[in-house]
Amino acid sequence: MSPELVSQLSVGGSTLVLLAGLAMLWRRGVRAHIGAFTAQSVALAATTAMVGWFTGDWQLWAVAALLLLIKGVGIPILLERMARRFGTERELEPYVNTATSLLVGGLLVLLAYLVTARLVSVSQLPTRTGMPLAMGLVFVSLFVIISRKKALTQVLGFLMLENAVALLAVLGTHGIPIIVEIGVFLDVALGFIVMQVFVYQIHETFESIDVEQLNRLRE
Amino acid sequence: MSPWLLGPVQAALALLLAPGLVGAIRWMKARLQNRSGAPPWQPYLELRKLFAKEVVVSNNASWLFRAAPFIVFGSTVAVTLLVPLLAVPLPFEGAGDLLVVVYLLLLGTFFLALAGLDPGSPFGGMGASREMTVAALAEPTMALAIFALAWSAGSTNLGHIAARMLATPTEGLAPGHVLAFAAIFVVTLAETGRLPVDNPATHLELTMIHEAMVLEYSGRYLALIEWAAALKLLVFFTLLGNLFAPWGIAAALTPGALLWAVLTLALKLLALGGVVALVETHIAKLRLFRVPELLSASFILALLAVTASFLLR
Amino acid sequence: MRALFLLLIAGYASGAAAALALGSGALSRWASALGAIVGASAGLALAAGVCIRGAAFSLDAPGFFGPVGGMAFTLDPLGAVFLALTSLVAAPSALYGAGYARLWEGRPALRQVGFMLNVFLLTMSLVPLAGGTLTFLLVWEGMSLSSYFLVMTESDEPEVVSAGQWYLAMTQIGLACLLGSFLLLQSGGPGGFSALRAAALTLPPGTRDAVFALALIGFGSKAGLIPLHVWLPRAHPAAPSHVSALMSGAMIKMGIYGLLRVSLDLLGGGPAWWGGLVLALGAVSALLGVLYALMEHDLKSLLAYHSVENIGLITMGVGAGLLFGSLQMPAAATLALVAALYHTINHAVFKGLLFLGAGAVLHATGMRDMNRLGGLIRGMPWTAALFLVGSAAISGLPPLNGFVSEWLLFQSLLPGIGAPSPLVAVLMVLSLGMLALTAGLCAACFVKAFGITFLAIPRSPEAAAAHEASWSMRAGMVVLAVACLALSIGAFEIVPRLSSFVAPLVGVAGPAPAFSVVLALQTPGGFARMSPSLVAAGLALVVLTAWLAVKAFASRRPVRVGETWGCGRVVQTPRMEYTATAFAEPLRRIFAAVYRPSEDVSVDFHPDSRYFVQSISYHSAIVPWFERYLYAPVISRIRSWSERVLALQSGSAHAYLTYLVLALVLLLGWLVVTGQP
Amino acid sequence: MGLLSKILRTGIVTEPLGTGDSEVVHLVREVDAEARRLFGRALGIREVDAGSCNGCEIEITGLMSPVYDSERFGFHFVASPRHADLLLVTGPVTRNMEVPLRKTYDATPDPKLVVAVGDCARTCGVFAGSYAVAGSVDSVIPVDVFVDGCPPEPTHILRGILTALQSGRA
């Protein structure tokens, strides 16, 4: 593949990943959020595979396969189960309304473009062009975590943050050793399970997974 | 054929095709609703009937109410002289670029909204207010999408953009273009009063946007406005089809090339119409105050399009 | 040249003298107007001469004001543009004023307005002619004070008085900043601009920044940049309408002139952040201006907020010009400045027209509240048609002039993406988005302004009884409306000249970038082409053809006039119509985060049962946030201080003597300490 | 996607014009021909409920259903009498609806037809003599055709429209 094509594809891939993240800000339903996360993971896996194809590095292929398996299939199934368990609680009243959230998301992407500009200019890799978008996704998922109320949405925000970091690594350094990657996966799985337990607990206690309820713990 | 003749030919062709496009979309929607539906040429019959009918005008309406249909119709027809319908280089290349197209369409909207206010009917005012709101909120998306297009093409002239796309087809798959296409598609839905922004088949005054403004019109005036609306849809589809995928557009004004151009244009219009029909079958109308969310989503698409073209420069 | 210059002064002076001499009758109305028209025509001729020749005209009069170093006048093309637009608005407004002033006949107000208007026009025309610091400040202050007196014409109404106070305060703050700026700029010497130009190059960067910042505040407060715009929505409605037309059409442009003169001409451009700051200020002013205009239902306040918006657009052009200039992109800089200048001229014309139209409405109905107007298109067809032209022009609709300059403005932002620094590119993208949103909202706002005011059923007896304006008022408006069309169709002649004027300012060596090919505008490098004249011709042709075709082929049944369709409701009353407030309601809800409207609903129930509601009263107000968070605290602080000072004024003579003695002692002590004789 | 597959599985359910010789088929053939002749096969219908029990409305809705799908003859219900060629009036005219009905008739541009649907429209049905009823439809506006039945079937309404078209006041 020609470097131009690769840089185009990496921009395209990371755009898809980012759009899936922004979809979190747009849609309200939990199911839609899970769908967005699944799509994002698949797009991420595809991008990784593309880079792997370009570099001819088998480890990246493996990472892509793992991504597809764990984040594209495994975690979504668990999430679906949680969603079914809690009924589909919608993000009816986020702290920031939808239109504003979207605009903030756009500004965050521009900000990411600014902060990564120098990084991109020094890097020589053809995949560097996607990095600002990956950084944008980092910001966006942080924004999702702080601006949404439902614990489930926040879990998704965390998972997207992890996706963003993985994308950044793949694009910026053409992938990290698979051992590290596996370790990260384990962390994520662990963190995910812990959070799952928390969410269950919150639901047990308050009959809702609206973290606003946690304020009641004070008195 | 001289290039100056091409302009009128384009306008005539657009006027000819526009009602058929609307009819085709209605027919496809009917089929998707498991009905046999009206034949695609139904709109022509309706226009013929309306031109033959009597005109009833409100006693509160002024001369503006009678002038507006001609201005709305005229401004939309003028646009068809500028867009690359059949061939590049365009007949009136120097006369106007993409921004001029946007402003000419705004001219039509402006006068239609005034005509909605003129009879003093509450529905007309409601329609005018909503139409202008949607139009205003759609502007930024359009501007940024134009920005992304123009930057990669090195010009805002429609002919340049199409020609550039023909010269380097890979550009068409660049993320910037795909995103800009998506953004302009959403704007098309909003500006031409399709679902999920406005329901073209609604009978409920309180949910209307476009219909509410034309409730007062009858006879030939209504015919002009409906025709202009169809024409506007065709213009947006042509922009989508011939700026992003200008294949089949004639490079030389030979009869064969032009014929092929007409054929491909019709195919593109049908394809886009099919997509719209599918969309309208699948999704419901948004509440008016959810529309800004849709438009800000399209704005994000346009913003990403520009960012992508930054990254790849 | 010199003759024209003297004729300009003579015309205005004689107008002022006539107003004083001929008392307050029809004669004095017409005499003072005639003087103003003569002066304005002379000014226009002078400006045209300089523009066509391209050579500056200069005249030194060390005689006048000897003590302050005499007056110096020069008129270079840049100044000529502003002199031209001032005179362009001045003549029709004066003609209009002659008719408008009838309502003051037999009152001193007539004499006062006639005199002050001529003084105002004279000083304002001299501002772009000023060739030195002192001259500039002198005529500038003259302009500000005379306009203040004009605002205070109806000074028996309380809101007029408060408007006057706001206006005076803002102009004096501005003047203070200008003094500071020029003092920093002028290291001694007579302060001719040519001397300053040379001196500015040697100034340390810090001083240059300070000069620029002070000039930005000073001129920005005159131009009405947010947040220094607070006086506009107050002063414009208070002033007589032809005066508002002049203030909004011409006077606030002097702020732009000053900004261009100081930052580009005298300082010769600066670091990139100057341009960035100005661009950002412009974008914010444009968007907030139009957003607050949408919420207005006072016709003249609405127009005033649109002045804020358009000044914002112009400032965006200026900022982009400065920015590109500092980035060594001369072609782009020229384009941006041309866009700014052209929009300045266009805004002068159509905003003048709109204010005159609003004045005619006020004259005919005695009302500015759109929610009580309506249906005027029957009573006053001329005014309605002319106001419609103005509305279409300011909304940037083809084929009128606003469209041309907005197109140029868009095109001038597009090259920004090619700028080396990503920050600039992002800034350009954001301001482009804001520009587009502003344009759209402006169209929505003028659908409201025209539709609610002139169309449908009158909402009050006064509106129903409206009469057409007098011939001189109509003539004034017609001139400006024709100018709207001419400035669009003739753009391919005017724009290249403008580019040749501004190109030297941004350091374009040799010929200015080409801007037009036959009948069409072309941005430098052929990035885009557009031909207003062809668009106009095409539109006219198509509309005419459609009309003829329908005449020929459609049914010839006579048009039947029936009742408005309202789902069969028994009778339609004006209360059923959409009002200005209702029209803007969706946007108000969408942008609630910006407006932060205060809403209180009070329901009083029937004494017996809460199930029966007797009345529901809803009240909502929008206080612009910069007034709430910026001005209100300052004002209250000042008030508390002044009260503290008041404590000194005890009224007893002893106390005052004590103050005197204390002052004397302190003074002597200071002299002793500093050891001066 | 579920929706799409359902659409495909269902297929077109409209009564075909070509095959079979049920009453509907004959009828729709005639209607088709007449509509073509008179209104250039494009007929805007404005439905006015002058006080009906909504029984007739349910049947009228049937006209637009996929089965009858009268849109295929170029009939379509419009949002304003200004766009209409034919008024479909149901129910006895109540006192409150008398003026609106008249206004609707005036608002409709010529040529125009009026079809009164249901027994109530002709005889005021069970509501006859009520203090709230102003009278039958033809006591308020000129009626071209009455469609009997309480409520009439869609086919009868179609026949009524057809007769109105044939009466050719248009």
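Labels A, B, C and D are assigned to the chains in the order they are written; within every chain, residues are numbered from 1.
Basically, a residue touches a chain if its C-beta (ideal position, glycine included) is under 8 Å from a C-beta of that chain, and two chains touch if they have at least 3 such contacts.
Bear in mind the structure is a predicted one, so any value in this text is a computation, not a measurement.
**Q** Please identify which chain has its centre, taken as the mean of its CA atoms, farthest from the centre of subunit C.
**A** Centre of mass proxy via C-alpha means gives D as farthest from subunit C.
**Q** Indicate, using Cα centroids, the chain positioned nearest the centre of all protein chains shown.
**A** If one averages C-alpha positions chain by chain, the most central is B.
**Q** From the C-alpha centre of subunit B to that of subunit C, how far is it in Å?
**A** Measuring from centre to centre gives 36 Å for this pair.
**Q** How many angstrom lie between the centres of subunit A and subunit D, each centre taken as the mean Cα position?
**A** The separation of the two C-alpha centroids amounts to 56 Å.
**Q** If you average the CA atoms of subunit B and of subunit D, how many Å lie between those two points?
**A** 34
**Q** Can you check how far apart subunit A and subunit C are, centre to centre, with Cα atoms defining each centre and the answer in Å?
**A** 49
**Q** Give the residues of subunit C that touch two or more other chains, as numbers and ranges in rising order.
**A** Residues 422, 429, 557, 560, 562-563, 565, 567, 590 of subunit C touch two or more partner chains.
**Q** In subunit B, which residues are in touch with two or more of the other chains?
**A** Where subunit B meets two or more other chains at a single residue, that happens at 52-56, 205, 215-216, 219, 292, 299, 303, 310.
**Q** What are the residue numbers in subunit A that touch two or more other chains?
**A** Correct list: 99, 110, 113.
**Q** Strictly by the criterion at the top, what is the full list of touching chain pairs?
**A** Here the touching pairs of chains are A-B, A-C, B-C, B-D, C-D.
**Q** Spell out the part of subunit D that touches subunit B in their complex, as residue ranges.
**A** By the definition above, subunit D touches subunit B via 3, 7, 10-14, 16, 39-42, 66, 69, 71-72, 74, 76-80, 82-83, 85, 107-111.
**Q** For subunit C, which residues are in contact with subunit A within the complex?
**A** Its residues touching subunit A are 422-423, 426, 429-430, 590, 593.
**Q** Once bound in the complex, which stretches of subunit A touch subunit B?
**A** Touch residues, subunit A against subunit B: 5, 7-8, 11-12, 15, 18-19, 22, 26, 98-99, 102-103, 105-106, 109-110, 113, 120, 129-130, 132-133.
**Q** Mind listing the subunit C positions that touch subunit D in their complex?
**A** Interface residues on the subunit C side: 557, 560, 562-563, 565, 567-570.
**Q** Which residues, counting only subunit B, touch subunit C once they are in their complex?
**A** Listed in rising order, the residues are 11, 51-64, 70-71, 73-75, 77-78, 81, 92-97, 99-100, 103-104, 106-107, 109-110, 113-114, 117-126, 128-130, 132-133, 135-140, 142-144, 147, 150-151, 154-157, 205, 215-216, 219-220, 223-224, 288-289, 292, 299, 303, 306, 309-310, 313.
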